[in-house]
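Structures for review follow.
There are two complexes below, and they share chain A, which is joined by chain B in the first and by chain C in the second.
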Partner chain A sequence: MNLGAGRADIERADVIVIGAGPAGAEAAITAAEGGLRVLVLDEQGAAGGQVWRAPVGGFPGKGDAEAAAGAALRERLSASSARALFAHRVWSVVRETPVDGGGAPGFRVDAVGPEGNLSLRAPHLVVATGAHERVVPFPGWTLPGVIGLAAATILLKSHGLAPGRRVVMAGCGPLLVAVAAGLVGAGVEVLAVADLARRRDWLARLPAVLGRPALAVRGAAWSVRATLSGARLLPAHGVRRAEGRDGVERVVLGPVDASGAARAGAETVFEADALVVGHGLTTACEVTRMLRADHRFSRLQGGWMPQVDEHFETTIPGLFAIGDGAGVRGQQIASLAGRRVGLALGARAVSVRAPRSATADFQAVDRQLARARPFSDAMAGLMAQRAGQVAAIGADTVVCRCEDVTRAEIDAAIDQSAGSIDQLKHLTRCGMGPCQGRYCGDTVQELMAVRLRQPREAVGQWTGRPPLRPVSLGELVGSFSYDDIPIPKPAPL
Partner chain B sequence: MSALLLFRPTRVVSVSVDGKACELPEGMMLATALASAGVRALRTSPRAGASRGAFCLMGACQECAIHVDGVLRQACMTSVRAGMSVELRGVP
Partner chain C sequence: MSRVFDLVVVGGGIHGCTAALFAARGGLSVALVERGALCREASGVNAGTLTMQMTRVALIPYALRAHAMWADAPNWLGHDVGVVVCDGLSLAFTEHEEALLTERAGKRRAAGAPIELITAQQAQRVEPGLGPGVRLAGYCKVDGFANAYLTGLAFRNALLEAGVTLMERTEATGIDPEGLGYRVGTAGAAVRGRRLLIAGGVWIEPMLGWLGVHLPIKVLVNQLAVTERQRPVMRTVLGIASGLLSLKQYPHGTTVIGGGWQGEGDRERGGVALLPDRLIGNVRLACHAIPALAEARIARAWAGLEAETADALPAVGPIPGHPDAYVCGSVHSGYTSGLYIARLLADRILDREPALPLFPIDRLLAQPETT
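This part shows the complex of A and B:
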C-alpha cells in the first residue's frame, strides 16, 4: 500500500548511519570504501554536524580552517559511494528479527524527508547523533534573545548572523572564549564574558592543552581578542537572571563558588539585547536508549551514553555508537571513531567473503585515539555538569521550557510520590513537551538524584519512546485519496 | 533591537508574517531572517503564555516551531521563499 507522498517500499543497505557530522560522515565514507552499501541520514541540509556546519541561506561562510575542514568532509562524502539523505528526520528505529527464519536480524529506520516518509533496512546501524547543549536554568533563560553557546557558533559560522548588538556571554568551557572572539571579530559589542571556571581551573589543564600546541595557540588568541575588545572577563561568575518583557533587555551576573553555586558578592548589571549561555554539552543518545542498549553514566563526558566495546559496538549486536552522542569528546575523536567503525564494518564484510586481518588498520586508528584523549578529557572537565549550580536553581525557576514546569513543582512531585524519573514525568509533564526532555533531562535527573539521595545511575533516564523527533501524522501519511485505501473483505459471520 | 546580519543578502522577497507583508532575504532560514528583521519572539509557551524565540538553532529544542503555510515548521530549518505565509501562533 502506498498512500500518497509516503513511500512504502523499504530501501535496503549494508549499513545505515544516522547523523552526518564528523563521526557519521567519516564512518559512512570509510564503510563505503570497504565496499559496503551505505545510507547516511541527517536532518540538516548538508553534512558537517554542528562543528563543521555548512553555510546556509546565502552566507558565503567564514573561510577559516573550520569552514575548510567542513567543506573537505562534504566533498569526500559526495565523492563516496555512500548515499546521503539530507533534510531527513529519523523518527523511528526498531530492531527487526525475521520471523520466517530467512535473512539476518537488522534495523529498520524511518525518516521523514521532503518527499514524505522513507523506510530503510540494514543489518548494521551506526548512531552518530552528536550532542545537545546544556543550559542550567536561571530566571529568564526562556526569554527570546537568550540562546545557547553552541547555537551562537551556528549563527556565526552557518547563518552569518550575530544574536544581538550588545551581547553578554556566560557559561563554561572552551566554546565560551571562542564565541566571544567570534562575536568581537564580527563587530559586535561583547559587554562581558562570565566563566564558571576560575583562572586556576584553566591553568590546571594547561599541560594537556600544551600537548596540542595548535589548539593552545588558538586558545591564547581567543582570550587576547576578547580582552582587547573591552569585554569584561569575569572568572568564577555566572548568570543570576535575565530580564526583559518580550526579550532580553538586562543581564545580571554574580560570583559563583567552585561548585557553580551562587555565592555572596556584588552583582553586575548589563543592558544587553542578547545573552549567549552554555554549560557544556549532553549526549544525544535517544536512538540507543530507545533500542534498550545498555548505557552508563559519566558526568565528565556529558551524562548518559551507550556502553561500547573497542569496535564502538553497543550491547546490541550490529548497533554502533560514535561521536559526541556516545560520550562528549569533541570532533577529533569523533572523526577517528567514525573511521574505526567504518574499518570494522568493512573488515566484517570482507571476512565473510575472504578473511583478511584488519588489525594493522585498527591499531593505527587506536593509537591516534589514545593520543587525542588527554586534551579531550581536560576540556570535558571544564564542561561537565556542576552539582552546586543545579542545586542552586531557584524554586520559581522554570526547569522544563516546553511545559513551564518549575523547580518547586518538581521537588513537590518527588516529595509526594514520584519514585522514578518516569513517574516524575507523568506527574509534572516535565520532559513531555516537544523537546522530549532533550533540554531538561540532565537537570531534572540531577535534581531528583540529590533530593532522593541516590546516585544518578539509580535515577536513570527517561524511557526512550518513538517518535525520536516530533512528526505530524500528516507528514507520515502525505496526501491521499480515500479511494486508494484498500478495504479488506469483511470477516465471515 | 535586532540581530546583526554579517553579510549582504543578494535578494529579498515578500513574506506574510501574521498577515503583514515583510521583506526577508530569500533562502535564509526563517529564524535568522526574522531575527535580522527584529522579530525574536516567535511564539508563546502553552502553559505560562511566555514569549519564546529560537534557542538551540540545531533542530532539537522545538522552541522556534511556527506555522508556515499552515504547517508547523522549525524556523531554524525552514528557508525563506517568496510568498510564504508565516504565523507566529506556536504549537496548538
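This part shows the complex of A and C:
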C-alpha cells in the first residue's frame, strides 16, 4: 500500500521497538550497539516496564534490587544511540508492502504522544508489550477497593501509595508474597494471603527454584516478612466473594482444590477495606494478533502468543516478539530474548559479512536462555489459568465489566448460536467496551471452550482490531484545518 | 437422493435472509447456505445508517419503502434490530460542498426524498451538537439507524420461525445446474433446489462464475470506528454533502463513525488493515461536525467489504441463461434499501409482479467498456 508516501513527517528507522521493559529496552540497546537506527516507544514516562517501573513525581522509590536494576537499564538506554519516545501510546501498526517494487517492505507505527499523532516507519518491528493481569471474576470483583496485584505494585513502586489500610491478598504465583512483603514494608496491615497453590505445589518446584538461589532466598524472605507482620498465610485458598456497600468491607476466603474450584471447608471472613487479587498474567499480544501472525495457545505461559523461531521472529518476516507478550516467562528470559533479537537484527544488518561471530554470540545467549527456562517454567505453571476456578464463576457474576455481561448471558448466547468467539461478542457485547476485552477475554474463551467441549485452539481469540489502545479522538485529530482533510472524491449520485 | 428444496439461497446477509424469509412465508421450502453466521459480513458490520441523503437517486423510491420496513421491523420481522428513527442532516462546510449539496438534495427531493435545504441557524436547532462552520444543510425527517450487529440474530429467529432450513457455517464450494434445478456443493452433502438465489455480497462474482456468468464486482473496503460510551452529544444522523461521513450516537452512548473511507483488503482476505491516515481523516471530519466527540476515545475500528457494480447500481434479478436462478446483491447503500429490494425479488421468485422494477444484470454483462 502507498501510505502517505513522501510525507516528510514520517520518521524512519531500521528498527522500531514497542515497549521499553526489560525485553524491549534490551533489544533496542543491543540493536543500537549493532549500528542500527533504533526507535523505541513506550506509553510510560520511562523505561523499565512493570517489573522495573520507574518512580514518578519525585517519589524516591525503594532502594531494592529491582529498583537498582531498573535504574541501570534506564541509564544504559539513555547512553545508547537508540531514540526513546516515552509517553507515546501506539494505536496503529500496519504492514506496508510497496506496490511499485521500490523500497523494502516494513511496518508503519502510529503513536499518540504529547505532540499529537506521530507516524514512524521501519523494515523491522520488535513487539515487547508485556502482559496483562488475568481477571477471574468472583462475586464483588467490581467493587471499589478490589485491585489487581500488578496495579497494587504500580501504586507502591511508582507512587508509594497503598491500596488500603487493612488488606487481604489472594491469587497465585510468586508475586503474591512479594507484593505482600512490599505492602507490609510500606506499613500496611496485611490480614491474609490466600494462595491457590498448595504447599506441595511449591515444594514440587523447589528444585527449579534452587537453581536460582538468590531468588529462592528472596522468596523465603518475603514469606517470613509477611508472616512476621501477622498476616495469615492460607495455602489452597481462594476468594469466595468480596462484600460491601460502596466499597470493600469484607472479604470471604475459602479452601480450593488443585483446579482452583471451591471445596468443602470452613470459610474465613476478614474485615478489610481492600482486596488485592492476582491470578497470574496473560500475554499482551494485540500487535501480532492485529497483524495476523500465526499464534499458538499455551496455558502455562499466559494463553495466546505469536509463534516465533529461534531469532524470535514471528511468521511475518521482520516482525519479532519478545518478553511476556510472547509468552509469560518473566524478566530474566525477557532480557535475554531482547539481547538475542538485538543481536539477530545487528547480524542481519551486516548480513553475510560476519556470520561466524554472530553465531557465537547467539549460542552464548541461547545457553543462558536454556539455563533460565526451568525456573521460569516453574513460576509460570503456578500462575496458569485454573479450569476449576473459571468453571466456578457464578451465573449472576459479571464477566465483562465494561458492558455488564454476566456468565449466564454468555452461556445463553453460546447455547443459542454463537459458534465463534467473534459471534459471541456480537450477541452479548462482551469485550466491546473500552478495555477491548483485556479483562474478560481469557475467561470468556475458556467458558466457551468448556461449554462447546472444544480445545482453546478451536475457540481462538477475538480478531485483533485497531486502536491497540483506546485513543482519544481529540488527541488523534490534533489541530487541523478543514481544507487539509484529504476527503476522497464524492460517492456517485 | 437428498431432499430438493423449492429454493436454495446462497449467502446469509440481509439480502439472502430477507428473500429467504418472504419466499418461505410465500409457501416455498427454503434452504439458506451461509459460510459463517448470518449477517456477519457487510450486513452486520456496516454503520447501520438508514438515510436518504447517502442513497443514489435511482434508489430513493426503494429506500423510502425500505425505511418504512426498518421502522416497522418488530411487526413483520418479529425481532428488534434497535432501529431508531430520527432527523438526518447532510452538511456543507465549503462553497464547493454547498453547490454539491444543493444539486444532490434537489435531485433526491425530485425522486421523492423529503429533503429540504436549511440554514446553519436552523441546522443548529435541529442538531445542537453541531460545530461552527456549517454553511448549508440538507434536512430530512426520514432518517435513522439500526444496530447492524443485531441484524443476524433478529433474522436468525425469524427464519427459524418461518421454517427455513438454516445451514450456517456451511461454505458453498460450487453450483451446478442439475435436472430442473441446481445443486450447491458444500464440504458435506450437496444442497439441491428447484430455484436458486445467489446473494453472496462481494462474493457473487465468483459464485456467478460457477455458472459461467461473468459479472465484475468491485470490492470496497469501508473503514468504521466506534467510540466508547459518552454523554449524549448528538441526536441526528449526520453526513456531509460528499457522502464521506456518517455519524450517529446510539442510545447506549457509543458513536459510530463511517463514511466509506477505504482500508486495505480484498475478497480473499477480508478487511486486512485500517489505514491510519484515512482513519484520522474520517475522525477529523467527525470532530469538525460534532466537536464534543473529541472528549471520547475510539474503542474499536474495523473494515467491512461492500460490493459495487460498474454502474454502482444493484445487481438484482434473474441470471441470464439459467432458468429459475436469481442474483441479489451490490445494492448501493444496501443496508438501507436491501430489505425492500430483496423482498421485491422474493415476489418475483414467487411469480408475483414486483411493485417496483428489479435491476437485471444483463446491462452489466454486455460490453462493460462502452459507456
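Keep this in mind: the second predicted complex is superposed on the first by the 466 of 493 C-alpha atoms of A that agree within 3 Å, B and C clash if a C-alpha of one lies under 4 Å from a C-alpha of the other, contacts with A are read in each partner's own complex, and residues count from 1 in each chain.
Definition applied: contacts are C-beta pairs under 8 Å (C-beta built on N, C-alpha and C of every residue); 3 or more make two chains touch, one makes a residue touch a chain.
Fair warning: this is a prediction, and the values are worked out from it, not measured in the lab.
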item	value
Touched partner set for A:491, first chain B, second chain C, both or neither	second
Chain B versus chain C as contact partner of A:143, first or second or both or neither	first
First, second, both or neither for A:465, with chain B first and chain C second	second
Touching partner for A:438 - first (chain B), second (chain C), both, neither	first
Touching partner for A:480 - first (chain B), second (chain C), both, neither	second
First, second, both or neither for A:301, with chain B first and chain C second	neither
Which superposed partner A:132 touches (first chain B, second chain C, both, neither)	first
On chain A, the residue positions that both chain B and chain C contact, one per complex	433-434, 470, 472, 474
Chain A - residues contacting chain B, complex	43-45, 50, 56-60, 87, 89, 132-133, 142-148, 150-151, 154-156, 159-166, 186-188, 245-247, 273-274, 284, 398, 401-404, 433-435, 438-439, 469-470, 472, 474
Chain A contact footprint on chain C (complex, rising order)	36-37, 40, 44, 54, 56-57, 93-94, 100, 103-104, 107, 133, 149, 152-153, 156, 168-169, 227-229, 241-244, 260-262, 264, 272-281, 283-288, 293-302, 312, 332
Residue ranges of chain B in contact with chain A within the complex	1-7, 9-10, 25-29, 32-33, 35-36, 40-42, 45-48, 50-63, 65, 71-72, 77, 79-80, 91
Partner chain C, residues of chain A touching it in the complex	1, 3-4, 91-92, 94-95, 108, 110, 117, 119, 292, 417, 419-420, 422-423, 426-427, 432-434, 436, 465-467, 470-474, 476-477, 480, 482-483, 485-493
